[in-house]
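Shown below is the structure under consideration.
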Amino acid sequence: MQQLWLIPTFPLLGFLINGIFGRRLPKQAVNAVAIGSVLLSFVWVLKTLSGLWPIDQPHIERYFTWFESGELSIGFDLAVDRLTAVMLMVVTGVGSLIHVYSIGYMSHEGGYYRFFAYLNLFMFFMLILVLGANFLLLFVGWEGVGLCSFLLIGFYFVKKSATDAGNKAFIVNRIGDFGFSLAMFLVFVTFGSLDFDKVLPQVAGYADTGTITLICLLLMVGAAGKSAQIPLYVWLPDAMEGPTPVSALIHAATMVTAGVYMVARAAPLYQASPAAMEVVAVVGLLTAVMAATIGITQYDIKKVFAYSTVSQLGYMFVAVGVGAYSAGIWHLMTHAFFKAVLFLGAGSVIHALSGEQDMRQMGGLRKKIPITFYSILFASLAIAGFPFTAGYFSKDEILLAAHHHAPWMYWVATITAGMTAFYVFRALFMTFFGKYRGKEHPHESPLVMTAPVGILALLSLFGGFLNVPQWLSPMFPLDGGAHDLTLVAISVAFGLAGIGLAYYMYVLRPELPGQIATSLGGLYTLVYNKYFVDEMYDAAVVKPLISGSRQVLWKGADVGLIDGIVNGVGTVARSVGGVLKLLQSGNIRSYATWVVMGSIIVLVAMGVAGGGK
Amino acid sequence: MNGVPLSWYLVLSAILFSLGVAGFLFRRNIITIFMSIELMLNAVNLTFIAFSYDLRQVNGHIFTFFVMVVAAAEAAVGLAIILTVYKNRGTLNADDVNSLRF
Amino acid sequence: MLDTVFFYLFTLLTLGGAILTVATRNAVHSALFLITSLLGVAGLYLLLHAEFLFAVQIIVYVGGIMVLFLFVIMLVNLDAAAAQRQFSRMWPVALGCVALVGLELFYFLGKGEPAFRIAAPPPVPEPTAGNTERIADVLFSQYLLPFEIASLLLLVAVIGSVVMAKKRI
Amino acid sequence: MLDSFIPSWAELLRFMPEIILSLVGSLLVMLEPVTGPKSKSMLGHVAIAGLIVALGATFVAHANPGAAFSSMIVVDGFATFFRVIVFTVGILTIFSSYQYLDREGSNRGEYYALILFSVVGQSVMVVANELIMIFIGLEISSIATYVLAGFLRDDKRNNESAIKYFLLGSFATGFLLYGIALIYGATGTTDLGEVRQAVLQSAEPPVLLLSVAAGLMFIGLGFKVSGAPFQMWTPDVYQGAPTPVTAFMSAGPKAAAFAIFLRIFVTVFESVGDRWEPLIWASALASMTIGNFAALQQKNFKRLLAYSSIAHAGYVLVALTARSEIGTASAMFYLAAYALMNMGAFAVIAHVAGKGETTVDVSDFAGLGAKQPVTAALLTIFMLSLIGVPLTGGFFGKFYIFKAALESKLLWLAILGLLNSAVAAYYYLRVLVVMYMEEPSARTENLEPMPMSLQAALWLPAAGVLFLGIFPSAVLEFASASARLLGQ
């Protein structure tokens, strides 16, 4: 026994202590509890992994039978294998750094203890998600992180946009969870168990059946909700209303990658359904392209990085969709490094400018906040795939796998990589080069913020040398295909071209972008407004749902049927004036009439069912 | 059976039951509505007794007996509730008792 | 033959009373017609050899419950109420519904009649004891518990009506 | 002959909880005139003590299972399970009533007595094995509840609630009775065991008659559990009644009604199951949909929960539609979880409502999170459980129900049910948003601290909900075992 349960328990204790006593504790104590708990958990992860080294076999610890019903028996089981190990390192490692950063970032905010309590609760659920040895525990973590994300997005609850964003995230995620829970039920009905170690070995017997495809597609719905893929990506950009450390931790490094992790975890299921894998890959690719184009046009620095996150998640789905699971996980890890830097760096910039997020009000900050600048520069190089940075290795792995699967995917992804390089450096140049356009007096962030960013920036540069595919090869065999240097060169060239173009447009000829935007006209408006997807959802789903329930259920039913038949249009008109003349008219006899009508239906149904006999 | 078949009684009680239902739906006066419920209960009682007679048992009689007890209890409580409504609103029109809605 | 005649007579009383209960404007009249209908039902009980319930129907139902109704009707001022419309505007809809329910019930009862019983009724010997005695036997042995519980029901009713109607609490 | 008059000790033991509660109830009525106006809460304590003793007696009775009183009642796991639910609901109701009644100036012994009697009625329903007993239990419970709904008799809303509940309730009882009469006619008995035997043993069961009887009983019981299309009374009655009574109605009588629903439909009417299954299928779907979509529009918190209770009735009906042991067990589990979370939510409303229940809109809860964080946190637990978030009882309730539905090949019902519960999240969530993310309302600004009794009414169900969410096994196993016995 390695006492795996301690890993999530430390943050849970942190949450309880800060949640219950945090109000009365001094700030230092809150800090100590919050960070201490996560660090302890990180240390325990290290201890566990070294204890289990080299983790050739999954290590499962069964604590107690959670519940049994019929043939279903679910244990409170935690498991560690090589995949989990990567995730654990990312979650607790990056998580610890971001916790440290938060001390500085949140120092002036109200509800300090609450923030850390939520953050610890999030860590708890994320670790449950990663460690859970069955679909249900994974789901518990899955729902839990969604809940914490909702709480943290809405943290600045005085801002209405923040609450709205929190709501949106929660509701969109419910759609995803709906898919996930259906998939879970289907898994149980098909395999008679929810344990990974029981379900996954059985899959081979069901290869290529409709059920497997359905399960995989439903899981993908869940993954799309959590990992912000088409069509459920709309919540992530809005989620940037939350505090920046939250964006970095939850909406870049950890939670949003849960979908990728889940697909990788359920890899045998997906292997058994090529159709579902194709869907995953195509959805990922589409998301990558679309989000990248939107990213080009945004001015809010956090929004740019948010769309970039959506786009990079798309990449990861391409990877798992084409069967390169280890490449997907690798990119997940490197992305956690460089995207955390980008967000935390953006946070430093915003912090330095006392809350300004519009890049048009920035510029020339290179000299004023140099540490932040170099950190963001390194991360940008990584995301652009500059040779030998972290992003270069993982991205090329994905691109090669895509080429192996279907060359057109490679080309689309490569062009997207170019766009990525372009918009990230666009943000970099707009923020740090040229002349300062704002009014505030920028100041460098304290060490407690710059140190974690610096560490992560170094990881963005050199993290690619942690060869994840090699490490995961016992689980996901390596392709064995030779690295095609031409393809690598092409993608690097695209990345460099993107950087160059950004330099040309935003440093050398800053008036150019405006001209281009004008000349593109409608197309630019379309992209700038994020393809009007939010508006479409609002018109197509939200409004009909609300007004439909109003019209049909209330106005239609009672007034229309009962009073309406007798009193005709008059009553209906009056009731329309009364806005909500519902089915509930408050009238006893109207209710009795409904009872009688119901009785008629019931009796006819039963009579017909009873037949002549 | 003495000349009158069981089904006649059953049809009679069905008619009586429907009249009770009709009274509940038609009338506006709460007391009359309540009286309609008594009609429905009597229809049920008649069904019980008819079956009981047909089965040559007295179990149905017992059930009817309990239904009567319940009817008496309901009448006491129901009329008391009706009185409080009257005290508070000065009306026993069922259509006026509709402030709780939507 | 005679019982058929009586059946029609009591049916007339029952249905006539019921229809008028539902149809008259004045609540007092309604109550009186309801009493008529209940008496008709009591007569039918007699025809069905339920002498005990015949008596209970008259003593408890007519003598007790209906008198209570009449008291309450007298207590509340129904003059104002009588002037109002007595029937709801939606009576045609209601009528349609009721007719449907009634038709269904007739249909099922008529159609199901041959299959009313699962087995032929057990050949019970003609009762030696009288109806009341037999009821007493069953009531105080087999149905002892419901009988006792019924007292609780009445207690609840008493407390309930006191809570609702007592002048000052 | 005389022997049959005198019940044996074992029989009395099996009926002991009801006997205890009846005696305590009567004692309360007698104590009422001799207690001073300041010490009425003492009577409530006595009632709680009685309920706790009755809970103990339930377990003693459970150790001696079997039929009693000429098989009028039968003590089995199923009965014990529901007895525990209704007694617990009674205790929680009384805990949440003290402050409320004091505030309204109506703290009286009759209230507690009526609660006890109503609980006895429900308890009789769940142990009954005879349609007569079921009927009498139902009526005791209903009549006491009618009065409780109108307990503050000078309050117009209370009046209206009581009269609506009373008239419509009696109306529905008429249908239920008609159904019982037809069962009696078809089988010549009202003993559930005998009815079942008669139906099973006959070569040619009177399907039509049984179907119609099932239909009529479905109308009566559907009304009591507020399943569509007989749910119309629920929002009005729940909104108008005093909040602790609303809590009580939404948990106790509902659980008991579901208990007899299960007992009758999965035993007696099992043989005509193919016929009523589509009906309950439709009713379940309609209840969920109507409840959830109507709740979306509500501003009044009590009304919102009333609609949500319709939706939850729909979920339990899904379990019923499954017509399996697991279905029955999941319905039992769900009812237990639902009783707890709803009691808790209503207790918070009772606290915030204020004198005369003037502040029961969702917006009145604004800022509760800042002003009374503990209360808000507990309400959050209940709301999350109502949504069905993991680690709460509500989650496992839904999980088992939909699992049972899928195992019975009710794929579409399960999908539509899950969709429904996704919609439902929205309105529960709104409460949380208002509570945590809005400026305090006039009411929460001046909210009095929570008295001990109300704290008990919150902490106990919260602990229960979390227990069911984290260690559901024990309860579920008990429910499964009971359901297995029930089906035999």
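Some points to look at:
The chains carry the letters A, B, C and D, assigned in the order they are written, with residues numbered from 1 in each.
As a convention for this text, a contact is a pair of C-beta atoms (placed from the backbone, for glycine too) under 8 Å apart; a residue touches a chain by one contact, two chains touch by 3 or more.
What you see is a predicted model, and the numbers here were worked out from it, not measured in a lab.
In summary, the chains found to touch both chain A and chain B are C, D.
Contacts with chain B and chain D are shared by A, C. Distance between chain B and chain C, defined via averaged C-alpha coordinates, is recorded as 6 Å. Distance from the chain C centre to the chain D centre is 30 Å, each centre being the mean of its Cα atoms. With each centre defined as the average position of its C-alpha atoms, the distance from chain A to chain D rounds to 40 Å.
A straight line joining the Cα centres of chain A and chain C is 67 Å long.
Shown for chain B are the residues in touch with two or more other chains, namely 10, 17, 20-21, 24-25, 28, 33-34, 52, 54-55, 57, 59, 62, 66, 70, 73-74, 77, 81-82, 84, 94-95, 97-102. Counting partners per residue, chain D has 132, 136, 139, 143, 146-147, 150, 153, 163-164, 167, 171, 185, 188, 207-209, 212, 235-236 as the residues that reach two or more other chains.
Residues of chain C in contact with at least two other chains: 88, 90, 94, 97-98, 101, 105, 108, 111, 115-117, 121, 143, 146, 150, 153, 156-157, 160, 163-164. In terms of inter-chain touching, the protein chains here all touch one another pairwise.
Across the complex, chain D is touched by residues 105, 108, 111-112, 115-119, 121-122, 140-146, 149-150, 152-153, 155-157, 159-160, 162-164, 169 of chain C. Against chain C, in their complex, chain A makes its touches with residues 562-563, 565-567, 589-590, 593, 596-597, 599-600, 603-604, 607, 610, 612-613. Against chain A, the residues of chain C that register as touching in their complex are 88-90, 92-94, 97-98, 100-101, 104-105, 107-108, 111, 115. Within the complex formed with chain B, the residues of chain D that make contact are 131-132, 135-136, 139, 143, 146-147, 150, 153-154, 156-157, 159-164, 166-167, 170-171, 174, 177-178, 180-182, 184-185, 188-190, 235-237, 239-240, 303.
For chain D in complex with chain C, the touching residues are 1, 4-5, 7, 15, 22, 26, 29, 68-70, 72-73, 108, 110, 113-114, 117-118, 120-121, 124, 130, 132-133, 136-137, 139-140, 143-144, 146-147, 150-151, 153, 185-188, 198-199, 201-202, 204-209, 212.
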